[in-house]
């Protein structure tokens, strides 16, 4: 009898129409690629952490739609002293945290101190920072021991972010997720959803919205970020109307989404670039000739085509920034896409290559990493390399790449970052260990120079060294596919989509 | 007098891998009201098939190839059981004709109490409510001499002895007062003493309720105790039939004589040996052309290869044999 | 009866002890320093040393083992690295979808398998019988993720009959959450119906050949009553057994199905934990699922006694 | 294998057909290096996702590799895993069973150990082992074998216990033959039928489990093609190139189905009393 009742209930459930319970509240369901490592953007460099946390945690600065630094919690851009060593930062008045307390310079100083000692990117600049001090309740001063041009970009970046928290919650781990953003954290069910609600005490900026800068309106009442690790499941969810927005979609789904009447594809041109990171500390590729052989042998066209399938999703271009970016330079690009096995073989011969396997460490977390490697392997073997592919999962790759004894190349990718110096691969201190005295001199000049035109020239030289010395390999540029419900407006479309100005039709 | 049950030229076959095998070949017999007919034969002779055909419980691969089964129902109609629709047949089953089986251990459903199982008959045929059913079941259990009937009916079959279970089966079969009881080797699985008790019980109930019994057995000793008339079957056909007295005194078929010689009888003289019939029953798919018993028969000759039918042999007896025993006496 | 239950409970304790031991050994066999593994790429040697100290990894392995057993007995399965929460707590949050997925799948499986199995046995050798048996075999041969992908693609996305994934949002009530389970349950139900169908058919065939079925027919009842009342109850015991067995299959199938439908259940948790290198969670899930399996089988055995009074212990 | 056995096995046409189908799959995969129309690793990215056609009989995958050739080569790995698990779990299981049966003091503990092993669902245990030891073909095989071995342990233990007590063993013992002789000539001979039948099913289950693991991305190293990894690779093209998951899916289903039908036939022929159990 009980069985019958259950069966009846089941039938009833199946019959229920798709429409959920009637809501007086508006909300957006956003499919993200997985459960964020942390809800503290200071402690993570994952993009998915940035996407979620930017809605409730804010930084002093941020980027406008042209990737210029713009003030957010700061009143305006800082006053930088003539020697470039002192940054005077005025804070906005009347900003309250989600717990109701007011933000003042003490909170900012404590937050920046934590960033300096605990965040990956903060630790990277720690030795340049002499002091972070509160001048008055609404003014903070950062003193450097030498000029450092990328500092503002670092303070603006949402990734390993210099986020501002109330002094009271700061510790090795946060006591609570309390920010100043237009939304506040309501509920977090790991692997199920992260629920945000509009923060009524939010005080938007007066400038018009541009990028993540300007006014943040919090148009919908609630945001729900739903971790959906499987890309196809995100596509199905978007097309079935379950999600209003979906991040990280396979480009193969483009046509299907375009044809659907539920959703539109969002194609982010020039999203990022795949990186073949080269081990300069140990192994085969410490030999420059072998690096040159590698560069000459790689079939960049085929690799990018196999990885992204359609011209609209990728470009075979060598420049570190695509045309249209302020950082676009062409130095050394002739060394890209030579695709000549004979030339590669000559380099190998010159290097006295003995058939030691070239160890490529990759994962399938991102299918295009693996696909590039698969295509490259064939071409490298044709040029005379012995190739040893080591396909591991993403977490293992993260561990193994820290041990120079385990790999010659590992594959990853990076979005185009607003400031070249945010890419640590150029520095000899990175895990690649790419040291070259001429390059390092140019790089040092680049990070301390504050004049924009001179910086661009220095970056051109840097790119030239990168190509000539094969520091690491950018295999091309790729677009990213996201998807949004038809009629959804106001999403800040970027590698880190933001939803505070979004509204459903 | 109209017989209660008349089986005429019944032919039944079974569909198997190698085609259809005939299991009953033109079987005819009658059961008179209030009387007992014993159907006797070795296993595989077709006695059980006959009884199942009458009940309409043949396996799904069985086919009725011909013949008629007439049954005189309580309301006076003479019903051809093979011609009526399934619903009428079902309403007769249990109510007017009931059956008890050889294995009292396995013939009762282990998961229901005996009271449930007996009472179900009343539910099916008389639509009684639970309380009335319970009363009637207790009465019936007392009738079949089950002690402490009121507690016994809540027991499960596995809590009872073999003899008790067969009493339960009898109670189940008789609770709707059927006109015909088919008993398929009801005592075979029981101890000798229990066997005698059950036979006594059946005789007594027959006298009280006035039903007819079709008693199926391989045991001639039992036949002598309970039956009025006998039909002896061999390989799917009746080879001899008649009243118990004449047939036992002077069996006409060599097979009947063989059967009688192969069982211990109480009146057997010292020194009389049991004589088993040589050979085995031939498979139904490979019967000899004429008399089916011929390969095992000491008297068989060329004449026995011709077909043979039942014909009158003595007073009230019929025999199907080219060289019947009575005839030999007459010749000698 | 009680003696039997006690005896079985003791057996269960021993089995669970082995389960714990196996789970302990598996994780301890992992190459490399567990503390370094747990902390991830950014950790320093000092961090690893302090974590080793905290986890008691410096102690002799046997003492660690004892501590692990002691913890498990008191309901402490360690700490999840990724969530920084007790494993038991993480698992508890994932129990609801998995448990209901299992229940609904089983329900669907029985709803599909039992009627077909019974009818196939009743019409043994018929076209329908052969068809049903072939279909059952086919269902057991097709990978469940394949079925899941197709169902999700066509029944959820295109036709919109079901939610395509997930377990409902923050305001999803119980019914809404259950609605999200219907399609995955159907997929798992179909896959798992195969075994149940074959068991049902086989045990019905056995029962239908029993003498008491002939007795039932001789009482003059209709076939439906013969089958549903007299045969089915007897056939139920093997069916109950296979339902217990199906649990293990269900868990395996659930891992894949939860993945396809993005259900926040224990299966999905395990796969995520592999990618997050969260060994304590993997270990804890193994222990919980295996223990559950053992307990369910015990429950099934005891259920026999309720169905069949003949079973004596 | 007597002619009588063969006749019994193939009495049902479906069993004969299934067996021939499976045999064909095995032969085709074994001959893969010879009969493949192309090198399974050869990429021609410009031909990616070509539907089945003259140039690519079963189409080309996302790298422009010939699906048919990959299917044949992948089959070798999938079948190897199935076979490997069947053999390995038989070896482990029968050994455990014999130990439990012959070494009395070990019996209780081994039986509970076997219960515990059986309690771990196949995919879950395999995931744990593979995540820790890495996704080599052997590790996947070992993990699945550990899960399936208990079934063989139970069969052989039960048989051992019965046979130990039988008179002829006593006789054999008194004639001076050792335990080894008894195991070889009595126990193994007795359990060979149920073990073969069970192994056939394990073969099929292992192939399914491998596909599931590969689908989840926690199975065999994805650069080794198996039918499971082919489905995993192909699933993102479910709309543009459904044939990419259709063919490996069919390959798995057909192999598993034909194996299971053959297993059924084997059981009916070898061991009629078992046939009631499933």
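All chains are identified by letter, namely A, B, C and D, in their written order; residue positions are counted from 1 within each chain.
Rule of thumb we're sticking to: a contact is a pair of C-beta atoms (placed from the backbone, for glycine too) under 8 Å apart; a residue touches a chain by one contact, two chains touch by 3 or more.
Not measured: the values here are computed from a predicted model.
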**Those chains which touch subunit D and also touch subunit B** = C
**Prompt:** With chain centres set to the mean of the C-alpha atoms, which chain is at the far end from subunit D?
**Reply:** B
**Contact-richer chain pair (by C-beta pairs counted) among B-C and C-D** = C-D
**Request:** Please find which chain has its CA centre nearest to the centre of all protein CA atoms in view.
**Result:** C
**Fill in**
The distance between the C-alpha centres of subunit A and subunit B, rounded to whole Å, is 90
**Request:** Could you grab the centroid distance between subunit B and subunit C? Build each centroid from C-alpha atoms only and quote it in angstrom.
**Result:** 53
**Prompt:** Rounded to the nearest whole Å, what is the centre-to-centre distance of subunit C and subunit D, using the mean of the C-alpha atoms as each centre?
**Reply:** 22
**Inter-chain centre distance, subunit A versus subunit C - centres from mean C-alpha coordinates, in Å** = 39
**Fill in**
Expected list for subunit B, residues touching two or more other chains, is none
**Residue numbers of subunit D (touch at least two other chains)** = 217-218, 235, 238
**Asked** Counting only residues that touch at least 2 other chains, which ones in subunit C make the list?
**Response** 149, 153, 259, 271, 274, 277
**Item:** Touching pairs among all chains present in the structure
**Value:** A-C, A-D, B-C, C-D
**Message:** Considering only the defined contacts, which subunit B positions touch subunit C in the complex?
**Reply:** 55, 57, 60, 90-95, 98-99, 101, 103, 106-112, 120-121, 124-125, 156, 158, 169, 172-173
**Item:** Touching residues (chain side subunit A, partner subunit D) in the complex
**Value:** 231-232, 250, 252-253, 255-256, 302, 305-306, 309, 364, 367, 370-371, 374-375, 378, 389, 391-393
**Complete:** Counting only contacts in the complex, subunit C reaches subunit D at residues 11, 14-19, 21-22, 26-27, 29-31, 134, 137-138, 140-146, 149, 153, 195, 198-199, 202, 206, 248-249, 251-252, 255-256, 259, 267, 270-271, 274, 277, 279, 282-283, 285-286, 289-291, 293-294
**Asked** What residues of subunit D sit close enough to touch subunit A in their complex?
**Response** 41-43, 45-46, 48-49, 62-64, 134, 217-218, 221-223, 235-240
**Prompt:** Mind pulling up the subunit C residues that touch subunit A in the complex?
**Reply:** 36-37, 40-42, 82-84, 90, 93-94, 104, 107-108, 111, 149, 152-153, 156-157, 160-167, 169-173, 175-176, 178-179, 182, 259-262, 264, 268-269, 271-272, 274-277
